[in-house]
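Before anything else, here is the set of structures, which you'll find just below.
What follows is subunit A paired twice: with subunit B in the first complex and subunit C in the second.
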Partner chain A sequence: MKLHYSLTALVVVAVLSGSALAARTDVTLGMPLEPPNLDPTAGAAAAIDEVVYANIYEGLTRFAPDGSVLPALAKEWAIENEGLRYVFTLHEGVSYHDGAEFNADDVKFSLDRAMAEDSTNAQKGLFSNIDSVEVIDPLHVAVNLKQADGSLLFNLAWGDAVILDEATAADAATNPVGTGPFIFANWVQGDRVDIVKNPDYWGTPVQLDKATFKFISEPTAAFAALMAGDVDVFPNYPAPENLPQFDADPRFSVVLGSTEGETILTMNNGSTPLNDKRVREAISHAINRDEIIDGAMFGYGTPIGSHFAPHHPAYVDLTEQSAFDPEKAKELLVEAGYSNGLTLSLKLPPPSYARRGGEIIAAQLRDIGIETEIENVEWAQWIEQVFKGGDFDLTIVSHTEPLDIGIYANPDYYFQYDNATLQELMDTFNVETDTAKREQMLRDAQKIIADDYVNGYLFQLAKTGVASAKLKGLWANAPTQANDLTGVYWEE
Partner chain B sequence: MLRFVLTRLMSLLATLVVASCIVFFVIEVVPGDPASFMLGINAQPDTLAALRAELGLDVPKWQRYLHWTGGMLSGDFGTSYTYRTPVANMIADRLWISLPLALFALALSTLIALPVGLWAASRRGSYADSVVMGFTQLGVAIPNFWFALLLVMLFAIKLGWFSAGGFAGWDAGAFAAMKSLMLPAIALALPQAAILTRVMRSSLLDVMNEDYIRTARAKGLSVRQVLLKHALRNALIPVLTIIGLQFSFLIAGAIIIENVFFLPGLGRLIFQSIAQRDLIVVESVVMLLVFAVVIITFLVDVAYAWVDPRLRQANR
Partner chain C sequence: MSWRSIIPGAILVFTVMLAALGSLFWTPYDVADLDIRNKMQTSSIEHWLGTDHFGRDIFSMLMVGARTSIAVALVAVGIGMGVGVPLGLFAAARAHGWIDELIMRGNDLVFAFPALLIAIMITAVFGPSALNAIIAIGIFNIPVFARLSRGAALSLWTREFILAAKVAGKGAFRISFEHVLPNISNLLIVQGTIQFSLGILAEAGLSYVGLGAQPPVPSWGRMLAESQTLITLAPHLALYPGLAIVFTVLGLNLLGDGLRDWLDPRLRRER
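Up next is the complex of A and B:
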């Protein structure tokens, strides 16, 4: 720790002694949640990636701000053996923050570690199709697959697939050592994480010298910290009700973008009465999306009609199919034999989209004769009761994993949707490598899901950030949960 | 006196044992598996099993209870599930903020309340007394987090004298550290000071009605002399009780204030740990707070006995 402090001090001195008129080179970011640890390969918390992704750690590939996949530590790759073998060529002269050299052995180590039997990788499923990793020479590594897989490059771009050095991987939770443009400097638990510029970075050097992530969970405290200038930017500002005030203030800019979060009213397809498609269709027509977006999200969010992100090239707008139509909803309920109405449980996890949205949906369902029993649950309980126990009729949750329509092909997934046509479609999708064909399959999948009214599709969660007006280069959208600082700079 | 202290110590130990059982089993009974929370909804069953084994969650509850309490006796509070660092170190780090904050707030509230209470008592029924009592009424009624927000709006956003929250760290020097604790301490102290002022005043007035005060006055002592020499010591018992209660409250009850000012103290730690199902941290911190409250109550009891010899006699 001592070393880290003095390193930080050095940088601070360097910054202060620089020209006073030059633009600032430090930034303080506010985050509502603190990461539990700093190892993106050992935990599901989004806050981990929000600190380390692209800043401290890098993978073979990475996500671009628009969600497409770019090369990172791998310069290029060749697909051999009918899609069963990927040979990656690595960048030369890359080293870790502690000076150790990066090479193909580290790739093998990291991927093997994620796939291992005792692995605690939260997204182990990403690697399930990898058969073996083979070091060809220090700059070439081959990944052999069990079956052809069009998603490999995408999967390797996740924070859970970053490359670590064997020597430092065990301590990554508290002292992450990566290859990225920033070096971990200091973590005051409960308060902040500091990172400083990596002077020996192999890629394009960053313009910032220092960045601090400050953890502020209270919405009022977040407001005060921005107003008082303690924090320069809140990439995910926790209180949308304040956004108009920031928008009107010339010192700030409000950054609106899209996330990968499909916010849905999940229905338990596996039990009565929601195993009846007519009941699900009735509920879908009872939902007034605009009212929910206005009431629960202060107008921020894009309506969706299936489980797919609107900014993706393969998106099809299917909102009309489940348009707000209470009369039709009532008819469908009568047809399904529930002319006297029915009562369903509605379990709501903590985020405001669920708690506020749940109240509105309850009122909308009451209009067509469905009573709901609302129960507020914490995340841990939600995972136990709803996600694993299947003990629910309705719940509201935002599915934030990128391109996760494949969950509908898993009949054991918590909403228990079992459709052989879709399962076959996703199987072919998984082995297809041609982009145009893949996109067509995604469009078909969206339609199948919408036709079956699997869940109530509400809106795509917006990313609402507030930043100092002179701070540029932050991601507006969130193709993955990250605060990529590589392009961030202050305008003079 | 010794016997009094010993019996008090025995009941203190019994309280701690019972409390540790309740804390452990209540927290363990609440649904929510820490491992599945940490790994999220895409975790695979074998990954969950691996993590549970790594965290030591795969052994029976009673074994974990014995391990936990046994460890605490030797100062080992276990390892945090989420942070993967020893809980004892985390608590020690956080105490360096929560304890100074509580002491700072207690000092402020006592320094304000005792003289003001004394002053108001000496001017009972006067215009000044009514004004002071009016203000204390207001102080009792205002929730401290709301008062904290007002302080932030004025001193941090409008005037820019203080930052809106956060802790500069003791490395930055005592002045910077105390400066970052200033607004939270005021927010915590003022409502407490209001209560304490009222207690101080009414307690003094009660004592002033006693016969021995009349006797002292009849001897020719001035009101001021009687207040300071005869009434004050006797009036201090209820005041001590309140100070003791307030100190426990300031340590345990700063959760909201620490969140408003995003201070990385014990309260914030407990808040985060509950949300993250970091059970071992929750259990250990709650136990530590129970310990602190019990010890403070014990010290207050001993202080009573010291101030009032009758209490010692009664226990014999």
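Up next is the complex of A and C:
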């Protein structure tokens, strides 16, 4: 009898563990910020792309995990007319999640919509060189350029350049319908977005059946959610101080990668006293980057000396030019006529790189005689006051767009840097197709902004991902703002 | 018996006051000085309570934080008393008149709002700062003192010595301040102590959500908030400011309780 019972128990255990062995097909991702809408072509927030890019929406081209550009909806392309005309061949049999067929008309619609006068696209500059989009037949579309442009394929890979169907584009903010491997299921505002597998996906089918993006803004809550298993992965874990603990725990793996996030102390070049280059130079020399990386990021981050990602082939290390030198900083301040010191406002958005980094920078600036008035602001306030309103002296923010040095050629951008030489350089850069020449121009641009001490360049944000140890296929680096789930699977 | 709680209460409050006043002249380290290389150290001879995540000396931070807390709470109670008591006395002097109604219903209105939420609203509109925290907490002290002083004053107005003063030709204003106020002062002192402890809690709460004193001015509530994600790495970062709040509030409550028992004539006989 006893034997019988234990046999039964064994069978039960075997059955239970058997079902447990089958790999999971759902995943819950934690994100610190909730997207304001789900239309990547009508919003600047990184969180939008972090949900929809490569999962729901696709463009003609896309970014690979290493940042290179791969074909997506466009199978191949031919460059004609000395670089002035790109003819894209589209994949056949691609349909939207609602069953509508994808064809060349959608490409024309999407690009025209992004380029239009009244377009709400956050990165209109990506399309500024496109002259016209021409439908040749349902599977062929030509993009005619104003000038030969080496960046077109790169530009079309951005989340801001994804292809939408004309019929559903108006509702994309709340009900995104794309061509991607996942279908938007539901959005519980303030909590999560659910997406499910697209059974009719045209490309390689994904291994996950369901994915949930859960929005957890509090670092403490993020820690608890990971520990409790409520969240399987935090691709950008918000509290670097907890990483050693996750690393020591066999249930988790910590993945350190690079991002496109140049974290900078932005200075308002448009108003006194920061329109004086000597003051900006003084501030740049007052900053001790190692202290900031250690104190605010617990060592995760790479110092930068200009607005450029260190992993890019055209990177020049210019950190020495603005090396920590408080004595020189004080001299420069005296030279600029501020021997009695000055007071500047410092507005800090919520991430810890800004809040903690801001306190450290305030202490470092105090050492050279600059007092700061710190004001902690929420993101909505920051966008309103700083980014749109220009009502600030100093702020700290990470610019996470890839290869975004072009923002310095826009005199209306929020730090209001106006330099005709750089603007000309970026104009020629945009039409240059030779890689070696393009890289040289990028090097020159880095030097120009470093020479002008436009902003205080702090460090390149590290991508600090924490994931369940059995979850595989996530991007280690972040060449763009994305949580591409197409290759994600659970190891058995 | 319970008046004896004055002693531990007074000791705790005195210690905190001393730390706060002392911080004006001397702290072991400058709280504005960061020393990132020596961050999150535990107690040592150099740093009695260790250092925080920026390498600042926690003991010095607590001393200056005490100053912030006490200054905010003290001024807030001052506003509450300064406005609330005259309002209450005035209402009592005009008992059951329309002025009385107006004042007391206005008080009810302020009472009807959740205090901390209004404080959050005020700081959201006018920007977070210690000053706005003071105003927010102060406004909510007004009805407390107005109601208390009106109630106590009303019962005094029926007493003979007030009648005598009236007969002597004194006006309501003089009676209120020369006869009523001195006789309710013990009540006000006791209530003041209790409101003071609530004020310290409110200041810590506002700073915790980032609406109190702004960095780099140290504040107990913000020290707690900042140590939250570090609690597994360095629990002492949260422990010491937490204990500081607990002991200050406990001390003030003990002091308030003891003072009430000591000053209340009905309980005084039991001594």
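Methods note: the second predicted complex is superposed on the first by the 459 of 492 C-alpha atoms of A that agree within 3 Å, B and C clash if a C-alpha of one lies under 4 Å from a C-alpha of the other, contacts with A are read in each partner's own complex, and residues count from 1 in each chain.
Keep this in mind: a contact is a pair of C-beta atoms (placed from the backbone, for glycine too) under 8 Å apart; a residue touches a chain by one contact, two chains touch by 3 or more.
Bear in mind that the values here come from a model prediction, so they are computed numbers and not experimental data.
> Applying the document's definition of touch, where does A:Asp451 land relative to subunit B and subunit C: first, second, both, or neither?
So A:Asp451 meets neither subunit B nor subunit C here.
> Determine, under the contact definition given at the top, whether A:Asn376 touches first (subunit B), second (subunit C), both, or neither.
Only subunit C; A:Asn376 stays clear of subunit B.
> Scan A:Asp325 for contacts with subunit B and subunit C and give back first, second, both or neither.
neither
> Does subunit B (first) or subunit C (second) touch A:Gln123, or do both, or does neither?
The answer is first: A:Gln123 touches subunit B but not subunit C.
> Determine, under the contact definition given at the top, whether A:Thr220 touches first (subunit B), second (subunit C), both, or neither.
In the superposed model, A:Thr220 contacts both subunit B and subunit C.
> May I ask you to name which of subunit B and subunit C touches more residues of subunit A?
B
> Using the superposition on chain A described above, determine whether A:Ala45 touches subunit B (first), subunit C (second), both, or neither.
The first partner, subunit B, only.
> Can you list the residues of subunit A that meet both subunit B and subunit C?
In the superposed arrangement, which is not itself an observed complex, subunit A uses residues 220 for both subunit B and subunit C.
> Could you please specify the touching residues of subunit C with respect to subunit A in the complex?
Residue positions touching the partner: 32-34, 36-37, 39, 53-55, 127-128, 210, 214-216, 228-233.
> Spell out the part of subunit A that touches subunit C in their complex, as residue ranges.
Per the stated touch rule, the residues are 219-220, 223, 239, 241-242, 245, 291, 294-295, 352, 356, 358-360, 362-364, 366, 373-376.
> Which residues of subunit B touch subunit A once you look at their complex with the stated criterion?
Of all residues in subunit B, those touching subunit A are 30-34, 36-44, 46-47, 50-51, 53-54, 82-85, 90, 93-94, 149, 152-153, 156-157, 160, 163-167, 169, 171, 259-265, 268-269, 271-272, 275-278.
> Report the residues of subunit A in contact with subunit B in the complex, numbered from low to high.
Residue list for subunit A touching subunit B: 5, 34, 36-37, 43-45, 117-125, 173-174, 188-192, 214-218, 220-221, 224-225, 227-230, 378-381, 383-385, 387-388, 401.
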